[in-house]
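Multiple structures are listed underneath, in structure tokens.
Both of the next two complexes hold subunit A, though its partner changes from subunit B to subunit C.
And then the complex of A and B:
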């Protein structure tokens, strides 16, 4: 079996793969990775998943078209990179990962339809996918009904927990509270102005932030405004900000609206080197569109920045750029997307099986020490323990790390006192 | 012009039987549960397309806002299913058990008054039909009584669809916002998510679809249908002949709204959720495209158009996740440029005429009487 060249690893792919995986020392030990040496299919797959003696199939379900494509492309790229690296290192339980990519087309029912197709027709062992909360909400009943396993990469509002989902991004309290504590302490901030896009994630995040500001930090929220998705007129709220003079502008505006918001802020003479602004929605990907000069000086609070200075990240970033081009930037969600296939692999190996029930049960406690963000571990509630970091946007579109929590923060999707 | 006394002429009868065979026998026997559920989803759009044949093809009223009626019907059904799914036991982890989860996330502590009727299934069924009709009646009365028509009417319907979307997204505590109403499970205790249930729902849907086809055919054949056509061709003459043009237009618009709403309600049952992405401008225009591809004068064409476009959407996007939208765009351009009368035009020009010629030549050979089959082939509009 192993003296036959691997079918899926022929020329162009292999070259890319070898370059991308140069960082992995295992490659030099295994010049031609061999598959099929793992445990028998009958023992690792008792539920009829798409697993053969040499291959295991997973699904990738993101928007490759439509308004969300610009955001989700990074996740697709990261997941493909992770799958190639895992294959180069010998696959999962001796089997090469084959992926089927489906397009959710930025349309929630399409996500549900494609998730069902992946689970029912293709019998995939896991799905790496979804981005917006709305797409996850559409897919969730499907993965629960057909007992699939979804690895969801985006930071999100919490208030959800499922046996069939591993949330590799941060939930709201994990992301927000440390950032608010830091800015209150460092900047002596007492008054906050909230601006968000009008849907569930910003509203829930702001609700949590408001309770924290009022009850814990004993500060004041001087304004809270929401704009429809895709909105590009922020002049009235910018005038209100200038009138109320908050210590901190706290924003969770998403997508293309960010471009208009930061440009109008700058045009109105709000200088981000003097006016503190804390965002939880702008990653390196968004700055690509906003332009570094329009947002330099703003603080962002999340778990990963491309500029993180640790050994894992120093191999991850070049590997990503090798595969997808020098100009690509890597944001928080892209990194979380990269965690999905790896966590799944590690869980499969811990469980000794691809069966979804066994993976769901074995997930708690799985740790990934090579994570670009440092180290992550899956909590019993299927979210990740992770650190929270504050970065400051620079002119070149990168963030400079200003602060990181000393310890991993426990994920708490149903936070008491914040609902 | 002589009005055909038969309900279906021969070519329509062939179309009717073919469609019945296809939907009742061929598709259920040849497709697996997953694909059949997809067909069921496509067919919900056929309801809208049939409504558009009446209102746009015959009445000449182009509405670019059918998504709002589809959505209203769908939301009525979704509200009923959501209330059933949000029983106190199912929602004990919430701060206020017994209300839908998204209300709880938005700090709403009591069920809003307009949700209360949706505890009752009969009232829900009534609402699915009445709410969109009332809405269409108000829009229709406001527009047609003032003689707003043509392209202005199309633009206004589009604007109303956009406003309704913004309203639903903005009032997320009451409507579920951009996520829509999700995680629907049972209908009067019957689990609608199983393959068995989907199979039964498919047949319920096809029966309803044929109900709509027969109704549309009935409207088309009555004097009312003739007035609609006359109105489309020469509105002023109809008005000068003493007819109240506005009332007929309102009727056609309301009928199309009811068909759309039934489609929307079935969509919620088939797919298991409803969201504002079916209400706005883009889905509304897509629905017009289904009708255009099928042929806007043909009731059967509307069904085939909805099936074909959605089937193409699914298969193209499965095979080419990055490029499929271009393929779909090319399909639309090809249809409009090469076949302005859509699928039914292709059928009438290339297939139907040959069948007619064949049949009349057989008849001529076999018997004495001359055939008038070509004359009764298609109504003269």
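And then the complex of A and C:
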């Protein structure tokens, strides 16, 4: 798989056009934006960021190598697509976005070091980056110390808020509660079995889910199990599930373990069309590895599915596939990655400046009406208002939308009564 | 926790749990066999073992794609072809690595650890560049999916039975090759005394190369089999490496029987504990037990008595 976008006709065309003086007048009628027509650099950049009259530099900071590359590749692709589209539409404040990509290499100290490099040496105006909570926690003190702006795409456990971060994925209550309500109502579910990977996100998410099941839905959690990251053997826990016969299996297993879990669940004869399973960690990206036949029938609860039927998504999906290949799939986090550059652009234009302090202040209330998920708006707490949706996995690896909340759900990173 | 269940229910759960333990045992043996040969017979600490397994998994993936496109009629049998190809591919790569890298390091066993670790990083990035960073899904023929209903409430996963059968046949084959065949005698002679073995006319270099190739080839078969129960991605091999070393070191490096005994005790301990407590705690207790036993018996469960 190549990481280079298909450049198409552009450069041969340009070479041809530049061949003779006769071509010169043609350049002006090409449908390519010209940069440098925005407000003066001195007014939009008072803090010494890498902004010239024609260009503004941002950083992309994800793992392109190491164990997390599986997940973060989609985010990198989405961010590059958004930047290219923004440039094609005239850039930000009349300036073309140039990006510097750094590799966090699935190693948290490397993330912090590279973030510092982007902010101190390259003076980037914003960073699109991080994926795991661990990498975000490593980068957070850096962006706060050097006053950078981070757009973070992953759904995560909440319990965090920073002037210097915009969280474009859902926090835990936003993602989980509506899904639990739906399955309790739809399936009459009373008993839940939780299984997750053993680290901060599943544990915090399950804590919230447990409180909700016990206090609000008046149901019962019949089992709560954690397996070390990378575990590949789930036969024992599957037997426990068979013994306790829960109405719903609620999972937040991640990474390679996911594949093992669903394959073994299927092999053990658990039929997901009869046994309800609600996952908050499996997107289209993961199904690629799990195999549609192993997970068909399971429900996933998040804010975006590639199959969403709305006008924005119908232009987004073909554009993404055109740039990255027909076979690529787009999961929830990939879409959230796509929101980052756009939200930053809209905020810069609202603030009339690239200055981080002005952007942090102007972020609240910025709305992006062309979001593939429909519509999003930034909350005062720097998370997004978004809808929560439940999809059912199909054999072909896509989700079929089953339910979506009527209204946007307010982000609540410090939920009362759930801690 | 058992108060609400009938005797019948409990009985069938215990039977299934027993099977879960046996399946884990087979998986461990299959994982560790290749490493036991390389580590045990040659003293090479092969950190790239997981990557040789994943090569087998990728070969299986490619074979399944080929069969789907060109021989859809024979798809139900592709897995056996894939395992053969996985053995050949991993074995060939193993021999190449032995020739290019390992043979220069025989006198410095600890350096093989570093060299093969570097090799594992190189292979991971190579897989990522060739096959993409995302995991691939290996499609299995219909008959290998699902479970066998023994009684109404006892179900045994078919892929588990398959892995068990495979483990038994490969273990027997390896035992035969090492302990009965002429070549196996040469291998054991080289292990016991390299200089004397050379003096009586054994081509020790060739023996080394084939031994390493055999170990890697078995890793390839294991990787192929594990596409049924696990993921196939550039770094999936890392998921197995720790457990693999655990089994081999605990068993006593130079002994095939030790590997089997160690896989059995670790898998049974773990799967029983997993049933009565959470997965992470089970792992912690298993590891603690292994550490404790190794402190008392540093040479592992079984060890070969060699006059040094």
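FYI, the second predicted complex is superposed on the first by the 390 of 419 C-alpha atoms of A that agree within 3 Å, B and C clash if a C-alpha of one lies under 4 Å from a C-alpha of the other, contacts with A are read in each partner's own complex, and residues count from 1 in each chain.
The definition used in the following text is that a contact is a pair of C-beta atoms (placed from the backbone, for glycine too) under 8 Å apart; a residue touches a chain by one contact, two chains touch by 3 or more.
For clarity, every value in this text was computed on a predicted model and none was experimentally measured.
J.: Per the contact definition in the header, classify A:199: touching subunit B only (first), subunit C only (second), both, or neither.
T.: It touches subunit B, and subunit C stays clear.
J.: With both complexes superposed on chain A, which partner does A:243 reach: first (subunit B), second (subunit C), both or neither?
T.: second
J.: Thinking of the overlay built on chain A, is A:215 touched by subunit B (first), by subunit C (second), by both, or by neither?
T.: Once the two structures are laid over each other on A, A:215 reaches no partner at all.
J.: After the superposition on A, what does A:46 contact: first (subunit B), second (subunit C), both or neither?
T.: A:46: touches no partner chain.
J.: With both complexes superposed on chain A, which partner does A:116 reach: first (subunit B), second (subunit C), both or neither?
T.: first
J.: I want to verify the contact counts: of subunit B and subunit C, which reaches more residues of subunit A?
T.: C
J.: Of the partners subunit B and subunit C, which touch A:228 in the superposed model: first, second, both, neither?
T.: Both partners, subunit B and subunit C.
J.: Examine A:107 and indicate which partner it touches, taking first as subunit B and second as subunit C; both and neither are also allowed.
T.: After superposing on A, A:107 lies in contact with subunit B but is clear of subunit C.
J.: A:310 contacts which: subunit B (first), subunit C (second), both, neither?
T.: neither
J.: Across the two complexes, what residues of subunit A are contacted by subunit B and by subunit C?
T.: 64-65, 198, 228
J.: Residue numbers of subunit A touching subunit C in their complex, please.
T.: Spelled out, the residues of subunit A in touch with subunit C are 1, 64-67, 69-70, 73, 198, 224-228, 230-233, 235-240, 242-243, 255-260, 263-264, 266-269, 285-293.
J.: Show me the residue ranges of subunit C that touch subunit A in the complex, using the header's touch definition.
T.: 5, 9, 13, 16-17, 19-20, 23-24, 27, 125, 128, 131-139, 145-147, 149, 155, 157-160, 226, 228-236, 238-240, 270-271, 274-275, 278-280, 282-283
J.: Within their complex, state which residues of subunit B touch subunit A.
T.: 32-34, 37-38, 41, 93, 95, 101-102, 105-107, 166, 169-170, 172, 177-180, 182-185, 193, 271-273, 275, 277-278, 314, 317-318, 321-322, 324-325
J.: Spell out the part of subunit A that touches subunit B in their complex, as residue ranges.
T.: Checking each residue of subunit A against subunit B gives 64-65, 101-103, 105, 107-110, 112-114, 116-117, 120-121, 133-134, 137-138, 140-141, 145, 157, 159, 198-200, 203-204, 207, 228-229, 414, 419.
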